[in-house]
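Each chain gets a letter, A, B, C, D, E and F, in the order it is written, and its residues are counted from 1.
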Amino acid sequence: MKLIMAIIKPFKLDEVREALTPLGIQGMTVSEVKGFGRQKGQTEIYRGAEYEVNFLPKVKIELVVGNDQLERVVEAIKTSAHTGKIGDGKIFVSDIESAVRIRTGETGSEAL
Amino acid sequence: MKLIMAIIKPFKLDEVREALTPLGIQGMTVSEVKGFGRQKGQTEIYRGAEYEVNFLPKVKIELVVGNDQLERVVEAIKTSAHTGKIGDGKIFVSDIESAVRIRTGETGSEAL
Amino acid sequence: MKLIMAIIKPFKLDEVREALTPLGIQGMTVSEVKGFGRQKGQTEIYRGAEYEVNFLPKVKIELVVGNDQLERVVEAIKTSAHTGKIGDGKIFVSDIESAVRIRTGETGSEAL
Amino acid sequence: MGNAKKFFVTSAVSMAMFLSSAGMAFAEEAKLDSGDTAWMLTSTALVLMMTIPGLAMFYGGMVRKKNVLSMAMQNFATACLMTVLWMAIGYSLAFTDGGDLNAFVGGVDQAFLRGIGLNSLSGTIPESVFMTFQMTFAIITPALIIGSLVERMKFSAMLWFLGLWSLLVYAPIAHMVWGGGWLMGDGVQDFAGGTVVHINAGIAGLIAALMLGRRKGLGTQPMPPVNLAYTMIGAALLWVGWFGFNAGSALAANGTAGMAMAVTQIATGVAALAWMGIEWAVRGKPTLLGMSSGAVAGLVAITPAAGFVGMPGAFVIGLVAGLACFWTAVYMKPLLGYDDALDAFGVHAVGGTIGALLTGIFSAVILGGVGLSTHAGHSILVQLWIQAKGVGFTIVYDAIVTFIILKVLDWAMGLRVSEDDESEGLDIALHGEQLYE
Amino acid sequence: MGNAKKFFVTSAVSMAMFLSSAGMAFAEEAKLDSGDTAWMLTSTALVLMMTIPGLAMFYGGMVRKKNVLSMAMQNFATACLMTVLWMAIGYSLAFTDGGDLNAFVGGVDQAFLRGIGLNSLSGTIPESVFMTFQMTFAIITPALIIGSLVERMKFSAMLWFLGLWSLLVYAPIAHMVWGGGWLMGDGVQDFAGGTVVHINAGIAGLIAALMLGRRKGLGTQPMPPVNLAYTMIGAALLWVGWFGFNAGSALAANGTAGMAMAVTQIATGVAALAWMGIEWAVRGKPTLLGMSSGAVAGLVAITPAAGFVGMPGAFVIGLVAGLACFWTAVYMKPLLGYDDALDAFGVHAVGGTIGALLTGIFSAVILGGVGLSTHAGHSILVQLWIQAKGVGFTIVYDAIVTFIILKVLDWAMGLRVSEDDESEGLDIALHGEQLYE
Amino acid sequence: MGNAKKFFVTSAVSMAMFLSSAGMAFAEEAKLDSGDTAWMLTSTALVLMMTIPGLAMFYGGMVRKKNVLSMAMQNFATACLMTVLWMAIGYSLAFTDGGDLNAFVGGVDQAFLRGIGLNSLSGTIPESVFMTFQMTFAIITPALIIGSLVERMKFSAMLWFLGLWSLLVYAPIAHMVWGGGWLMGDGVQDFAGGTVVHINAGIAGLIAALMLGRRKGLGTQPMPPVNLAYTMIGAALLWVGWFGFNAGSALAANGTAGMAMAVTQIATGVAALAWMGIEWAVRGKPTLLGMSSGAVAGLVAITPAAGFVGMPGAFVIGLVAGLACFWTAVYMKPLLGYDDALDAFGVHAVGGTIGALLTGIFSAVILGGVGLSTHAGHSILVQLWIQAKGVGFTIVYDAIVTFIILKVLDWAMGLRVSEDDESEGLDIALHGEQLYE
């Protein structure tokens, strides 16, 4: 199994989710994060005191998939989260040793 | 060392924490996440315009433990987070190469 | 590539970021988390009913770097996040198999 | 100072008082009454509170987080802009004699508030107080329209739109109904602004929503309200402030004001329960947003009726408004597909119309009211017809002029923000601020 | 219209006025006074503001995030429901002559507000205003009870409970103390509602908390307040609105109203400092929640006394209330283990009792007051005994009837939500909404 | 009771009334007027609302999340503390005859409000109302200073500072300008507190900001406001409450109150638009915080002028205040580097000075005002000189005494929290609470 961690633009979340459904992805976990990168932050103005916000709101998707699904899922995320503008985000893949479904105790890819 | 990442129901957090204390777990990191899975979201109603919330509030626990502790900890989480109802969540395990305690500079399992 | 996951004190974030810039780090992802550890929580008082907050606000930095940079980055975080007081946090390192930049489709260390 | 105006004003909004002056110190020669003045000073403060922070919170809580400050900003800026425009010319257009055009609009004699001094009276209160009280109405009416424009209109275009609208639509309609124009002469009963304020704002909102188009992602993306506690605070402050709006429209602290307050309270309670109840029945859960919306619907509907009807009228008006506005906002809107985001039309135009028509029925003495307009024949049907004429004229005039203003602005500067700005949210894109990090 | 009622009302709540009518235009024959009317219209708006948004925010900020909208909803719905019930029958039960039963309850002559017209007066103000002012009291009293029911009661059961309670407990007690019943005849001094409002609500809250049982997880799970800024706003709006509550209970804009406002301000400031100070001393840190609670305790305690006592009374009442309510909420409650979540009992019943008893002392002229009740003998001890009788009767009657109502409802529909709904939170479970995502 | 005081008071704050008593029931022999009393009761409630929750929200929304409760707490505690101090001695120092020292300060005759009874009058209203109304001014003035102390001052030191300041600075200045002291004798026109309230608070804030030093991390760390909706609510409630502040300073419900309300509304609208406009022009985006700040700047500047100037004065004062306060807060502050976090100086001292000086010009009849002070010669220049003297004296006296108080407190207990407490935030460190988890 692999953990896919994707950092994307927040308003792309729904599109990504829709792109994953046909692949049979039945679960994922999402968090709100702040991203620091090449994309320039917006400038905020408080009582005239401008300051640049270096951290931009992003959404992090964590998704564990079977090895066989990996490629298709990464591809789907890449396509659906793409705008072509700076700040689109990244997809990172790492290894997962084991998984358990708490409700049933199933393990391995049964648990996904 | 292993990283245990558990996605659980928010109100189970205190129980899980209590279950881990006797095992000598002295640290963990918790975040609020949203989960997408088999569990159907609640329906929210705004001005009569119902919409189904696909993302449910979950809590993610990240916990690095020594290899020897792994099994007992996973077992403890599984038991304490269990309700038997859909949406109970998952436990994922992956490998950690190294750890550092910032305060002291200790590394490896000393750092946990 | 390696994923560095650092849990630090929130008010150290800016210092850490400044310490990383000279190393050529161009991106990272930050989230607000709650930490449970040796550090005692503050006591909060509501209508006289004191209760101890076990979970303290922390910041989690996730940062994927090339293998060659690993050491210097860990060192920089260790130094800049250090206060010497309990609760300074941890740095965990794990392996990343692949990375993709969504905007360009670049992969591997190009994508960072 | 033209007494004509004072006479018209007084007779229009507090017709009822004349019928019940027994036991009251009636001002035969104009004389300041400190009690009436005290109440009108208070009412003015209450009505201002309705817009800021009331409406800003009510509307603000319902939009997405990325647009909440823009919503507050639009309300606040409207309050400031209308203050200046009303002083400059609006008051004069609404409440002075318009000479040849008097049937439709007032004159410019009191532009820049010329002639309002320490001793100017309007009825039993200082004219400065009457002018400021009316100013708060001229503020909230365009502010109500904002509910239809949310999350997508340019800030600059909005200022131009509402500014022009207040001079070209609000002031003339106010003149026609309250300031001595033809609808007033006809005997239209509009105690505190069913036509002038609510139908007027609601129709303009509908037109604007249609011309702006729907928000990006409507129907496909969830658009959760940023904070429903804000909406609740807003609804509550609207309710409290509405006492100034309705009971203040008696322009005195007397029995009419008292009845206006009592019926306002009752209609609002009934409407809120009605919306909550029907929602509970047909959708399974009673909601805070529903109950708040119902309360506002009741407040809107009782507005034209407040000084004219008794308890039976209050009850029926509240009930009908709660149910009908629920139906419009929840069933009709999705059906027709216009994006009147916060239901300026569904609540204000619909509620206002219900109130305006039912006023023509329940002001009859036989139904517990203070009596039909003396200008009209004595039958309910005649009064109902007069009311319908007032409603109809307002709708048509308002719709046409609003359409023209927006067309011109669209051509001149564009009405809508760019897609990117809409995605990012107006708070950051237009104002460089966000609610919180 | 029955003059008896008007006489009773006037004499009960503004006894003081009679003793100090020098220099005031005293209404020998009933005549509307525009100044008094202006103040009572304002007071009515202020007291409504106490419940929504005041109490809704004060209470709402203290519960967990998952229950904050349900809290607001309960307050809002109570405001609407009581409006209808008061109109239908409550007002009549409280303030008309009850014939044979008059010692205990009024009659049904003014059900549906029969007979309240444009010209009906109550003292120097329109009866419509008196009725609406009293309505806002009939709204806030049951709303106070909500503080004991939070996070676990069924919405439907709550509506039934508070509805029945308002008719079976509130209206009769209001009649006995203010509307011509036996406690009034006895000479009980309760200016703005120490017994009628606060003890009444607090005792009902305690009984309800005991019968509902404790919230799941209490004591083992932390239950952090959702947002203490909401609580602060709520406390502040309660304070501001309480001027209408206390000074409005003079039913006129006169010296009694002025004194009532001054002593309200002083007792509140003292009580807030007292709570803050003792907390700082014994627990190490002064808190905003403590100070806000202290302010409310002071407001509660000065309520029965407001029009009767002078500065010394205000000071002592504030001091005692701040300390005693701190002790009840912070030490006694955990000791006894009942789950009166937001301290409706600890603040309102305790504070109200302190105020009611001390009124019997500090209304004595020698202690700076305006004089003991004229019905009573002239010694402080006698008055204290009368006050104690009023307090005691209210407690016993209220406790018994509340118990019966809740037993019946428990049997008929159940009082408490399911465990799952409680875990999920009432906002989503009962209302399908959440504060924010 | 000393009539002198009443005379002084009346003549100082409502000079205008004398010039325009035609058609008003003028109280030749002191007699309570229920209308005036109604308005003053209302005004008192409105001015209290300005501090809590108004100022607490306005300021609270602008600090970082970790300090928002401490901000609210400081406002709330100030309200309570000033209530007690004003009752104990402040009122007497400000508004009684000071005998030999009368030019500078009042006496102690009315300490603990001795002599204020049910029948005491102050002009046409109960003295209890006058005292409580003035108390709300004595509350908000020190509360304004808090804007300069935020995020770093010890809670205990703050209480001592503001407590001493209110007795050593506020009460004497109030006496000199309003209570019969030398500035009043000189003919200084300060209708509702340009010098007494705003310059006074602003200068004290500047001194305190300088002595406390800058916040840790200022300029290097971002310090995002916790919630700008809070700030908007606060600004709106300040605006609404300011009607009580300014129109209430007429001490009657008359033409002066009416004009004061009208010019307050106009100056505020203009100032808010001016700040928004200049910000839009020079920085590219109009902000809600800017517009709110502009509104407050306008409210501040019109305060001394409210009862004296006409529409032209209102317009110019609003315009100048909006632009000048923008410049101070946005350009001058960073330049000079003092950390007046929330611009108590930049808005209140600067706005107050502008208003005080322009009052001396625009109160001239020829410019639409009610007339220059009768004490002065008839030229604008003379009046301007008198105004400048008032401003100058207040600045110098205030700066010196504030400096001394803070020096002493610094020596006695320290002014600033520890670095760790500042990092952690005052909410947890000093009060053991946080806004939300």
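By definition in this document, a residue touches a chain if its C-beta (ideal position, glycine included) is under 8 Å from a C-beta of that chain, and two chains touch if they have at least 3 such contacts.
What you see is a predicted model; the values in this text were computed from it and never measured.
Common neighbours of chain B and chain C under the contact definition above: A, E.
Note on connectivity: the fewest steps through touching chains from chain B to chain D is 1.
Between A-D and C-E, more contacting C-beta pairs join the chains of C-E. Note: centroid distance chain B to chain F, computed from Cα atoms, is 53 Å. Per-chain CA centroids place chain D at a distance of 33 Å from chain E.
Chain B and chain E have CA centres that are 46 Å apart. Looking at chain E, one finds that residues 33-36, 38-39, 42, 224-225, 227, 233, 253, 285, 287, 289, 431-434 touch two or more other chains. Shared contact sites, meaning residues of chain C that touch two or more other chains, fall at 31, 44-46, 50, 94-95.
Applying the touch definition to all chain combinations yields A-B, A-C, A-D, A-F, B-C, B-D, B-E, C-E, C-F, D-E, D-F, E-F. Touching chain C in their complex are the following residues of chain B: 1, 3, 17, 26-31, 62, 64, 94-103, 105, 111-112.
Chain B meets chain A in the complex at residues 2, 5-8, 31-38, 54-55, 58, 60, 74, 77-78, 81-95. In the complex of the two chains, the chain B residues touching chain E come out as 11, 14, 42-46, 50. The residues of chain D lying in touch with chain A in their complex are 220-221, 423-424, 428, 431-434. In the complex of the two chains, the chain F residues touching chain A come out as 62, 222, 224-225, 279, 283, 285, 287, 289-290, 293, 326, 329-331, 334, 343.
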